[in-house]
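Next come two complexes built around chain A: one with chain B, the other with chain C.
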Partner chain A sequence: MLLLCGTAQMADLIDILVVGAGPAGGNAALAAARHGKHVVLLDEQVKPGGQIWRAKDSSILSAPQTPEGSAGDALRAQITKAQIDHRGSTRIWQIERQSEGWDVHVLRDGQVERLTTKTLVLATGAHEFVQPIPGWTKPGVFGLAGATALFKQNLSPPGQRTIVSGTGPLVFFVASEIRRLGGTVAAVVTPNTRRDWVSKLPALARRVDLALRGALWIAHIMMNRVPIFWGCSVVSVEGVARVEGAEIQKLDANWAPKGETWSIDADSLCLGHGLIPSIEAPQLSGITISYRSDLGGWVPDIGQDGATSVEGVFLCGDGAGIRGATAAELHGTLAGLSAAEHLGARTAKERATLRPRFNRAARFGLAMTALSTPRPGFAMLTKPDTIVCRCESLTQTRISQEVEVGAASSNAVKSGLRAGMGPCGGKYCQTAIARFIALHENRPEAEIPPSAPRPPLRPVPMSALSANFDYDDLPIPKPAPL
Partner chain B sequence: MTARYDIAVIGGGIMGCATALRMAEGGMRATVLDQGDLGQGASGANAGTLSLQIKRVKLMPYALKGHHEWKAMGDAVGFRKTGGYTLAFTERESELLHERQTLKAEAGAPIEFVSNNHIRNAEPNLTQKVISASYCPEDGYANSSLTGQYYRGRLRDQGIPYRERCPVTAITQDGAGFALDTPQGEITASRILMATGAWLKPTAAMLDVDLPVNARINTVSVTERLKPLTSTVIGHATGLLTMKQKTNGTVLIGGGWQGRGTPQEGRGQVTAGSLQPNLALAQFALPALENARIMRSWTGFEANVPDFYPLVGALPGVEDAFVLGCVRGGYTIGPYISKLMGDFILDREPELPLFDPGRNFEED
Partner chain C sequence: MIRLAPDQSAQIRRTEKVEFTFDGTAIWGHAGESLAAALIRSGRLHLRDAPEDADPRGAFCLMGLCQECLVVLEGQTVESCRIELQPGLDVTSLRYGADG
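Now for the complex of A and B:
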């Protein structure tokens, strides 16, 4: 094809392009660079660190350091020292296979750009799942993971008096951070029971350092007389224009709400029910997916050390299954080494040494994922008039009507109702809808894959895509047959 | 094993479903099988344009009837009759426009040429660079995303069983008709209709028939919701652009720009090299789009044969097997031509001539 346009100048051929500069992607870039490869590291944020090791905003640089902050600073220093070509504020919107590698199309500073690389390492991380409950779209409700971004970047608590409700270790981390930042925690509410946690002791014992840190959060919360409601969930948000409180209820073993409810006053609520791998970029590069509840849901199919069935594409970190940050670092190193090996480096020994450490960290991470992933009864928290799709304001009733008249797949619900066609691209509703279809049709979730991802991976301005267009460059085709 | 059907329709797009409905009206026991969900192939992926200005001259009578079918389906498929303009920006395009639209008007489409003043009044947000334009009041659009939902409802209402996620992997002929292998078990029928669009070639190959079917890989994109910018269907003399703003404010942009991939590999892929000039042309025609963001782009496979006329009739060399597809403008014409196909299978005289799938494709 002729034309086009603007920034599509012939790019240098990159050895290894790493997408995502969190613990996985950052370490993949470092490992590949150690083997002398020309590495480019892309990330949506300004600085490396990902969601978990997010860099502080420049206005709060003097704030006290946290373990996440230190880990992030260490990664950032290493990336600078290794002279890795890091490009922040860069979003990828399309991935295309080419004869000698891959074209990765990105948006940066309002301009589109095409990068060409021999190999790709995708470390696209995860996004949060929130089971929709009545009132969850009110101002003052934050995702648990979303709230941590707020803390790390701006050091501000979500409100004066916050209820923290959710699964796994994150709920305790968020509660202790809110207190550290001067906020009041009205209550910690978690579907997990103390017995659930005890059952994970063998995994916790493998990473005493991490387990101890979690124990300290919990001890800190308890010593400050913040009530912890185990085996419970916030089941609805109270308030007219914004959060004024929340209703809490006990859950049964399957996490279905059961028995009496009670209310707690608060001006804000943090709510989160586990992480979901962000798999759209791997899917666009042609990697197949499978359902793995132990890894957080639908995950790309990967082999050892981040290798995939698509030649030249490697995956690592939470985007390949939720194993947590410590495992992600090691997984990133392994995938970076695999990519270097693919380009001729000898890394087998190094990988063999690292693999047991990764497996150990992964066992710990998977135990946390198991605590974080909702059980089937949790879907009962969503009521008939609860908004499920925020972009299109679709209630559970509207979705169940569609499923009842035969829309038996994520794609069918999306086509019929636009659930997943809004700005979030299905990030918020897709998992809840798939779980609902599975429940309604009495089929396993493994039979209800997400809708096919469609580029651009993030909305892209028309002005960027059509920049420098010259009308005379239009390829005039042979006229269609009359 | 289920009882033998009078006919099994392979392919649950517009054509498969609409033909099944026609045959059921005529008293046949029909079933519809789709490899995925109903209406998710070309029927659900196309840009939804219903424009007589982009139909072939010889197919105009079918397209006019097709417009009536869409109007009758109405809100359930998001039908809007808005009128439509086709624009020319250069002298060469202007010549092309006049030559082609004159022939289409002679074939029965109510197409007229309009002045620049007229178009500026009717569509003030279009570029001032239009040098000539044609208008057709019959043009409009429907929402192709609703195809599956619509036909699923119609089939259920008529008690026609359908199976989704049910690819046919082998077809064998027995004494009384056909046996179809599927992951959901064997299905037997006295007759079969192949309506698998871009997948017709592998479908017919299961009965050792070679249909010369190719697929175009058309790209479609949609913007975020925007304030009202345009109220008609906009096309381009070269055919490289179709554009309309839906009632929800999103602008849908097509024009047959080619992605890549093959039906056998699954979905086609959007390529930046095609997408960018497609969008640039849209923004050239409607400059206010420069402030919009593109939310999604996708491709759909449009099946065709070398002479670009439909396949509607008996599958060559196999008794009681039929084929329907490759209708250029298949979204517009599909609901109507399916009635003709149904009538033919029911042994009724079709209202308009069919297109013999056994013809010599090298002759026009």
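Now for the complex of A and C:
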């Protein structure tokens, strides 16, 4: 660290640094720039758009347009037109408070760099929750949201014959996209029942455009005689060193597996059970968190228009609670305006007119989150010998042994077993472990917070840290005269 | 067969096919696509072994979080979902057992 601090370039002071260039972060940057602020927009991907509006890569010369593609292109065009300083392929790995504001340490092209900003807008989005099931580590199993990255960026299906299993509307989008891109869907499997969907009709009626699109996906799947198994889940993956099929089972009302199982052949499986807000960066900047099952789990505490209890830090989008893309755009604008207001702009009137639109969009998004979030019995899909922590190959049995000897928190399991200390930083095991502890100890999930995040937030190669190190800079005393 | 959402795969125009190698075998992909996408299309799904138990692994999250799609390129361990395919890349799978 000493080396780093000593040699990092002296950066210009930025007014507003926006982290994440999806619907929320992109619109936050645009709103702040409209008020004349010096904005820098950082993002892990090459181009703005986030996961939902991920851009096509350079291998695609032309392709039929999609609604996600159009929305992303519109955002990208606005960001270009507004001449916002967008820095793609950039990962943040540490945030530190300093006298003028915040130091944000980033990794770009294998080099580390430090940026200094007066205010921060964190729009870090979400990552996927996948309930661990036997065989889910086999090559050929993809996250349901992960598969959409392959569709949007590469316009490729995940295999020749794919089973699509998961919660909420995403499962139907993925199945429809696989067919659009020339793949075959072996089956659609969803824990939701038709009755679950009917219960959301009031919310769907508020967004007829999106509801119709969803209905089209489902009609398309049904008319092509792709089986849809409602109230079911893929419960194990078959195959030796890759997916060869999957076992499906009916679920009870609490989503615990119940009754007979049957198998379907496939060479790939898309599996996903809702989104989890990515809260590590807000946590690192000192924002407290609360459990909100309606928002997808643990979320940072925020006030109106993205304000937080930490001065100069604003949050927006799915990273502040899973409300969906339309709400994220409006939330981003609100947070960008709040950040500009913090630096002297007058934005109260504009925010007041946007707020009701944000609230309306959020109601629809929250109805979809409710469909996507697993019920408690779903944790029973994980069997004793199922790998829960992919990085360290830790099974449920190893974790339950640790819980039985008293590890009653995510932190205790992490320090005892290294679950969550691997290269993924716990993104694919922490929630499953917390839900397991909750089930095992008969406590609410709200009593088992995620373990405290530690930098680096993303893996930083040693070569990047040592790249700033030059032997000539070492203060070597002159040899003593002979 | 009724197609409300038509198969559009034939309407997608891509860059020319280029060759690269994976564990010594020649494979083609499209220049500029992600290495992970090219490997998935070619059916090469097993990209690495888990360090603890040699469990076979492959691309999973496709968004740079899970670190399951790691491969070796020019002596560096890289996420294949974040590498742009160029002709002539020499890629090997990450097998801890084989490398000792």
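We adopt the following convention: the second predicted complex is superposed on the first by the 457 of 482 C-alpha atoms of A that agree within 3 Å, B and C clash if a C-alpha of one lies under 4 Å from a C-alpha of the other, contacts with A are read in each partner's own complex, and residues count from 1 in each chain.
Rule of thumb we're sticking to: contacts are C-beta pairs under 8 Å (C-beta built on N, C-alpha and C of every residue); 3 or more make two chains touch, one makes a residue touch a chain.
Worth saying up front: this structure is predicted, and the values here are computed from it rather than measured.
A.B. asks: For A:Q94, select first, second, both or neither according to whether it touches chain B, chain C, the two together, or no partner.
C.D. replies: So A:Q94 only meets chain B here.
A.B. asks: Considering only touches as defined above, state whether A:L439 meets chain B (first), chain C (second), both or neither.
C.D. replies: Neither chain B nor chain C is touched by A:L439.
A.B. asks: Of the partners chain B and chain C, which touch A:P459 in the superposed model: first, second, both, neither?
C.D. replies: A:P459 contacts both chain B and chain C.
A.B. asks: Where does A:S409 make contact in the superposed view: on chain B (first), on chain C (second), on both, or on neither?
C.D. replies: First partner only, chain B.
A.B. asks: Figure out whether A:R114 sits in contact with chain B (first) or chain C (second), or with both, or with neither.
C.D. replies: Touch partner of A:R114: chain B, not chain C.
A.B. asks: Where does A:P423 make contact in the superposed view: on chain B (first), on chain C (second), on both, or on neither?
C.D. replies: A:P423: touches chain B and chain C.
A.B. asks: On the A-aligned overlay, A:D103 touches which partner chain: chain B = first, chain C = second, or both, or neither?
C.D. replies: first
A.B. asks: Going by the contact rule set out at the top, does A:M223 touch chain B (first), chain C (second), both, or neither?
C.D. replies: In the superposition, A:M223 contacts chain C only.
A.B. asks: Would you mind checking which one, chain B or chain C, touches more residues on chain A?
C.D. replies: More residues of chain A are touched by C.
A.B. asks: Would you mind listing the overlap between the chain B footprint and the chain C footprint on chain A?
C.D. replies: Residues 423, 459, 461, 463 of chain A touch both chain B and chain C.
A.B. asks: Okay, in this complex, where on chain A does chain B touch?
C.D. replies: 1, 3-5, 94, 96, 103, 105, 112, 114, 402, 405-409, 411-412, 415-416, 418, 421, 423, 425, 452, 454-456, 459-463, 465-466, 469, 471, 473-477, 479-482
A.B. asks: Inside the complex, what are the residues of chain B that reach chain A?
C.D. replies: My answer: residues 36-40, 44, 54, 56-57, 89, 92, 96, 100, 103, 145-149, 152-153, 156, 164-165, 222-224, 238-240, 267, 269-277, 279-284, 289-298, 308, 328.
A.B. asks: Can you list the residues on chain A that touch chain C in the complex?
C.D. replies: Those residues of chain A that touch chain C are 44, 51, 57-64, 91, 127-128, 137-143, 145-147, 149-150, 153-156, 158-159, 176, 179-182, 216-217, 219-220, 223-224, 241-243, 387, 390-393, 422-424, 427-428, 458-459, 461, 463.
A.B. asks: Contact residues on chain C for chain A in the complex?
C.D. replies: 1-15, 30-34, 37, 40-41, 45-47, 50-53, 55-68, 76, 81, 84-85
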